[in-house]
Amino acid sequence: MHDYALCVNRIPVGILGASGYAGRELCMLLADHPSFAVAFATANEQRGQTVRVGRHTMTFIATDDAPLHQAQVVFSALPHGTSLPWVTRAREAGARVVDLSNDLRPGNGNSNGHETTNAPYGMPELGARTRAAIAAAGIVANPGCYPTSILLALTPLANAGLIAPGATIVANSASGVSGAGNAPKRELLFAEVAEDFRAYGVANTHRHLKEMSATLKTLHVDADLVFTPHLLPVVRGILSTITVPLTSALSDALAPYRNAYADEPFIEVTSDEPRLVDVQRRNVVRMTATMIGGTRTPTLLVRSAIDNLTKGAAGQAIQNANIMFGLAETAGLPR
Amino acid sequence: MHDYALCVNRIPVGILGASGYAGRELCMLLADHPSFAVAFATANEQRGQTVRVGRHTMTFIATDDAPLHQAQVVFSALPHGTSLPWVTRAREAGARVVDLSNDLRPGNGNSNGHETTNAPYGMPELGARTRAAIAAAGIVANPGCYPTSILLALTPLANAGLIAPGATIVANSASGVSGAGNAPKRELLFAEVAEDFRAYGVANTHRHLKEMSATLKTLHVDADLVFTPHLLPVVRGILSTITVPLTSALSDALAPYRNAYADEPFIEVTSDEPRLVDVQRRNVVRMTATMIGGTRTPTLLVRSAIDNLTKGAAGQAIQNANIMFGLAETAGLPR
Amino acid sequence: MHDYALCVNRIPVGILGASGYAGRELCMLLADHPSFAVAFATANEQRGQTVRVGRHTMTFIATDDAPLHQAQVVFSALPHGTSLPWVTRAREAGARVVDLSNDLRPGNGNSNGHETTNAPYGMPELGARTRAAIAAAGIVANPGCYPTSILLALTPLANAGLIAPGATIVANSASGVSGAGNAPKRELLFAEVAEDFRAYGVANTHRHLKEMSATLKTLHVDADLVFTPHLLPVVRGILSTITVPLTSALSDALAPYRNAYADEPFIEVTSDEPRLVDVQRRNVVRMTATMIGGTRTPTLLVRSAIDNLTKGAAGQAIQNANIMFGLAETAGLPR
Amino acid sequence: MHDYALCVNRIPVGILGASGYAGRELCMLLADHPSFAVAFATANEQRGQTVRVGRHTMTFIATDDAPLHQAQVVFSALPHGTSLPWVTRAREAGARVVDLSNDLRPGNGNSNGHETTNAPYGMPELGARTRAAIAAAGIVANPGCYPTSILLALTPLANAGLIAPGATIVANSASGVSGAGNAPKRELLFAEVAEDFRAYGVANTHRHLKEMSATLKTLHVDADLVFTPHLLPVVRGILSTITVPLTSALSDALAPYRNAYADEPFIEVTSDEPRLVDVQRRNVVRMTATMIGGTRTPTLLVRSAIDNLTKGAAGQAIQNANIMFGLAETAGLPR
C-alpha cells in the first residue's frame, strides 16, 4: 500500500481497476499529484501484487476489499458495463466519483448530465457551463478518447454556426494499441499489429459514436457524422483527421480555434501538422485546420492529436477531479 | 552485371534508378521473372556497387552508361521530374518503356494517353480498353501508389453511375515509409517516425491529387475529391479509407465490386477488413465496402489495401510490361 | 479443404497444429511446393475455419479428425510436450514425420538419434552423415530456432578443433516475437513489446540449452555454453552474437566457414554484418566472424542471422522432408 | 530566446549543440529544472528557429553567437572532435562546463581526470572520490551511454575483487536509434531500421571501448573486455547483457550490488528482468545479476538498462551540474 505518511494534508483518492492501461496511468499521475494521495488501488486479477509506479510502488487489493469510505474521490477505470454499480457504491460511501467507463456518458447512461444520473460529461473545454457542472457534480462521466479528439475539434465550429446543416462530417481516427486495453487478445499481439494498419468498428458501429452524436446534438449541430477508427502500430496516441463541410469558406482557418481556446491551458492550436510524438504523455489536444482548395462545398480539414491515456483518459479524469475539488485545473498534469 | 547465361531466350530489360525502394523491388521481382532478364540496372550514387537481390547479385552502373539499345523494355524508376528525358532516350534507342515516375501520368504530362505523349495510364483493371492501350503502347505511365489504392476502389462505383453528382468524396490514406523513398531525410529517420503518425500534403496539395482527378474525369465522375495522406510507422503498405456519397443506398455493398472484378487476378474483394499484412509483398489490391447506417445521404465506406512497392509501383510496372509483351499478365508476380 | 485437383502426382502431406506461426508458415510454403500437396491441416481452436494462405485458402480440421493414413509425410507443429503421441500415431498410420516440437530433440527425447527413438536431428548442414540419417529416417526431430543459429555458427570451428578446451562460449541471441508463438499472452501484446528489449530464460534455463549442449558434445566440443535469449520488437528473425575462445588466433576468420559451407545452398558466409532484413522469409543462415583485437585469449566473434519461422522452423522442416523423399534439397524453399 | 523573467534567482546555463537528440533532451530537462535557467541554446543548422520544448519554446542561435560569459555553466553537446575548443572557450569566459562529447573522456582526451585537462569523469556512482572531484571541477567529462550501462554494472564486482584475473568479460549491448544521433543517414531511416537488428562497431572498434578500458584499469580490473553494440528498432534505451567470470561463485548474486548502491538515488537493483520500458525518460540505471549454472568457471550474468538520452547523456550531465553547484543531486531529474 502506498506510503500514508505522504498523504498528510492531501485529499485521499481511490482507484478502481488500476491494472489496465488507463488505471496504471492514473496511478502514475496521482502518485506525483501535489494535492491528491492514493489511498487504495484495486485490481482483482493482480490483487496482492506490488507494482512499480514511476519511482513509487503500489500494492493492489481486490475491488471487493476497497475501503471506499476512506476516499474523498474515487476514479473508476473498471470495464464498460461493470463500472456503474461501483460508481453508485462509491457515491453512497460518500466519495465523489470520476467514471472513466462508457456507462454514464451521453448517449449511453445519461443525456449529457441534465437528467436522471446527474453525471455531467467531463469535457471542461466545452465551456464555462460544463466546468460549472463538473465543479458541482457528485459524479463526472469522463469522455472517451476518440470523442475527446473529435468533439474538441468540432466545438468551435459548432458554436460559431459554421457547420453546414444536413452535411456529413467525416472523422477518420487512428489510435495506438493501448487504447484497446491490456487484456490478452490474439489480435493485439505484437506479431499481429506490427507493420499493420486496419480499420475496425466501421460504419458507425463503434461505441463512441453515440457519445459524439449526443454531444453534437447538444451543440446544435445538424449534421451526420461518419466515424472510422483505425488501429496503429504505436503504443500511445490518437490522430483524428476530420473533414467538415462549412456554411462558407474561412479566410483564416485557425481563427475559430484561436478565439475559442485562447485561455485553455490544455489546447494547442498550431499551424504545424499535429503529430503523436508532440502529445504523448501530455494532457493536451493539439490541433490545426486548413481550408481545402477546389471543392464546390467549402470544406475544412481539421487534424487533432491527443494521448489516448492522458487527455483521452487518466489525465482528463484528474483534470475533472481538480475542478471538482477547486484545485488549479492544471495541478499534477503533464504539459 | 547480371549473369547473361540466364538471359538466353528471355527478354532483356533495363532498370533506370535501381537503388531506390521501387527500383530495388523491380530488381528483386525481375530477377525471378520467367520471361524477362535484367540486362542492366543503373544507380548513379551506387554505381560500381554489387548488391544482393534475393539470392542473386547485381552490379549497378551509372545511368549515363546505360546500354539502352540492349533492352527491349526499360523501366524508369528515376525521380519525378528527371525521368522524362530518359524515357524519350530509351524509346529512341528502340525500347518500350514503363515509366514509374509522375512525369507522364494523367493530370501531369499527358491527358490520360489520348494526346501528345501517347503514354496510356498503366492501370489495367480500369478495363478492356485500358488493357488494349497498354498492349499497344510504346510508353506506359505507371500509376502512383495512392491513386492505385483509391481509383480502383472508386471505378466500379463510377462505372455503375453510383457516385452522387456534386458530392465530396473523402479519401484518407496512410502509407508506410518506403513510399517516401530512401533519400536520407531527417523526418524519415527511425527515431522521428516510430511511435508517430501524422498527416502531410494535406488540403489537396499532394502530387497524386491531379492524377486522381484527371482519371475520375475520364470516368465521368462529377464529384470533388478530398485526399489526405498520412505517414505510418510501417515499412510497406497503404490503406485507403474512402467515404463516398451515393445516388442511392446499396443493399449489397460488395456487389459492384464483385461484378466489376470477378475476373481480375490481382483484385481481392473481401468481407474481411483489409489489412496491410494481407497485401505486403503481393501484387494485389484487397478491398471491402460497407454502407454507413443512419446518415441522410446514402454513404459508402470503402477500405482498400495495397503494397505501395508492389501493386503500387514495381509489381504494377511488371504487370504492364507483361501486357505489353503478350505474356501472362500474372507472370513473375507474387500473389 | 485444399483443392485436391492440385494434388495429382504430388506427395500428400498433413500438417498438425497449423494455426500457430510455424504451422501457418508450413501451410504457406507447402501450398507452393512443387512436389508436396497439403492433404489436411489441423488446428483444434480454429477447426472449421477457412484461412487465406498466400493466394490459396485452407480449411482447418480438428487434430482428432486428421486422416493420418492419407499423408505420406506429416509435419507436427503441435506444442512441446503434446507432439510425441501424434508423431507416434502418424508413424503407425504409415507416414514419415518431421516433428517441429522439442519432444524428440537431442538432450530431450533422444540422444541425437542414435538410440531409442531413432529420430535423427534434422540439421542437414551438420554434414553428410546427418543428411544420410535424415534420408533414411522415419521421424526427424526438427531443430529449435536458437540452436539453428548458434550450432551452425560453431560447427566449422568444432570440426576444425579450434574451440579452446575448458573455455566458456557466450551466445547472446535476440529473437523476433513470432518465436514466442501466437497464444494470447499479456507480455506479448504490442503495447508491452514495442519500444522494449529484455532478456528472458537467462542463466541457461532456456529449453534450447539442452539441445545445444547435447549437440556440441557429439561435435566433441569440451567447452561451456552461456546462452542468453532476448525478446526483440520485431516480428521475425534471430540474430546470435557469439564469443568463442579459440586455441589460436585465425589470420582469416572466415576461412573455416568458407571451407565448411562452400557447397551449402542455405548458408551465406559474408564479410558484411548479417542483418535480420537480409534473412527474413528466406531459408538461410547468414553469418560472419571477426577476430577480436587486444584480448589475451584469442577470441572470435561470430554473428549469425536466420528467420526463426523459415530456417528456424518451417523452412528447415521442409528441407528435411525434401531430403527424406529424395527431392532437391532446395525444392519449394525461398532463398 | 527563453523567457528571462523565469531566470531570476536561477543559475544561467548555456547549451551548445542543442538540436541533436542529447541537446534537445538537455533543453527539455533544463526548461523544468528548479535551479537552472536556459540563457541560450545554440544549433548552427537550425539557428533562428523556434522549437517547442515541452510546454516552453526556445529559439536557437548560432554557436558562434553564444554569449558564453552570460552562463555560469555550459553544457556542450557538440559533435565528438569539435567540442573541445568550445569547452576551452566557455571555460575561459568563466563558465564551468559539462562536456557530453567523447573529447575529454578517459582513454581519449585525458587519463581519468588526474592529468592535464583536469576534467574528471562524470560518473558519480563510481564513489565518493569521484563525486568530490566533480564538485570541484571546472570541466566534467560526461560519460558515454554504453559505458554508463556497463561500468556501473561492473564497479561493485571490481571493488569487491570478484572479477577473475586474466579473464574475458563479454558485454553485449543493444541501443535504441536515438543513440546514433539525428543527422540524416540512409542506414538510420525508418525503412532501414524497422524489423531489423544488427551488430556494429564490432571487435572492440567502437569509440566507447577505450573509455571503458581506461576506467576498468583505474578500478584495478585485470580482465579483457569484449564489447559488441547492436542497433535496436526502438527510439530510446540501452540494455547491456554482461558475462563476467568470477574468482568464486556468489551465493547471493545481488549482494554486491545492494551493498554498493544502497544509497544511490539513481540506481535500481532488482530481481526482475530490467526492461527498456522501465527506464525510458528516467535518469536511472536498473540492473540485476544471476549466477550461471553448470559452467566450470563461476560466471555471473549481469543485465543493465538505461535510457541513453537521460542517464546515458543529458540526465547524467545535469546530475553532474547539480553536484558542481552544490544542489540536490536529484534536482530536476526524472525518476
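By letter and in written order, the chains are A, B, C and D; residue numbering begins at 1 in each of them.
As a convention for this text, a contact is a pair of C-beta atoms (placed from the backbone, for glycine too) under 8 Å apart; a residue touches a chain by one contact, two chains touch by 3 or more.
From a predicted model like this one, the values you see are computed outputs, not experimental measurements.
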item	value
Farthest-lying chain, centroid of Cα atoms versus that of chain C	A
Of B-C and A-B, whichever chain pair has more C-beta contact pairs	A-B
Whole-Å gap between the CA centroids of chain A and chain B	39
Euclidean distance of C-alpha centroids - chain A vs chain C, Å	47
Separation of mean Cα positions, chain C and chain B [Å, integer]	37
Junction residues of chain A - those touching two or more other chains	176, 192, 194-195, 233-235
List of chain B residues in touch with chain C within their complex	52, 54-55, 194-195, 278, 281-282, 335
Residues of chain B touching chain A in the complex	166, 168, 170, 172, 174, 176, 192, 194-200, 202-205, 224, 226, 228, 230, 232-237, 239, 241, 243, 245, 273-277, 280, 290-297, 299, 301, 303, 305
Chain B partner contacts - residues on chain D that touch it in the complex	21, 176-178, 182-186, 188-195, 233-235
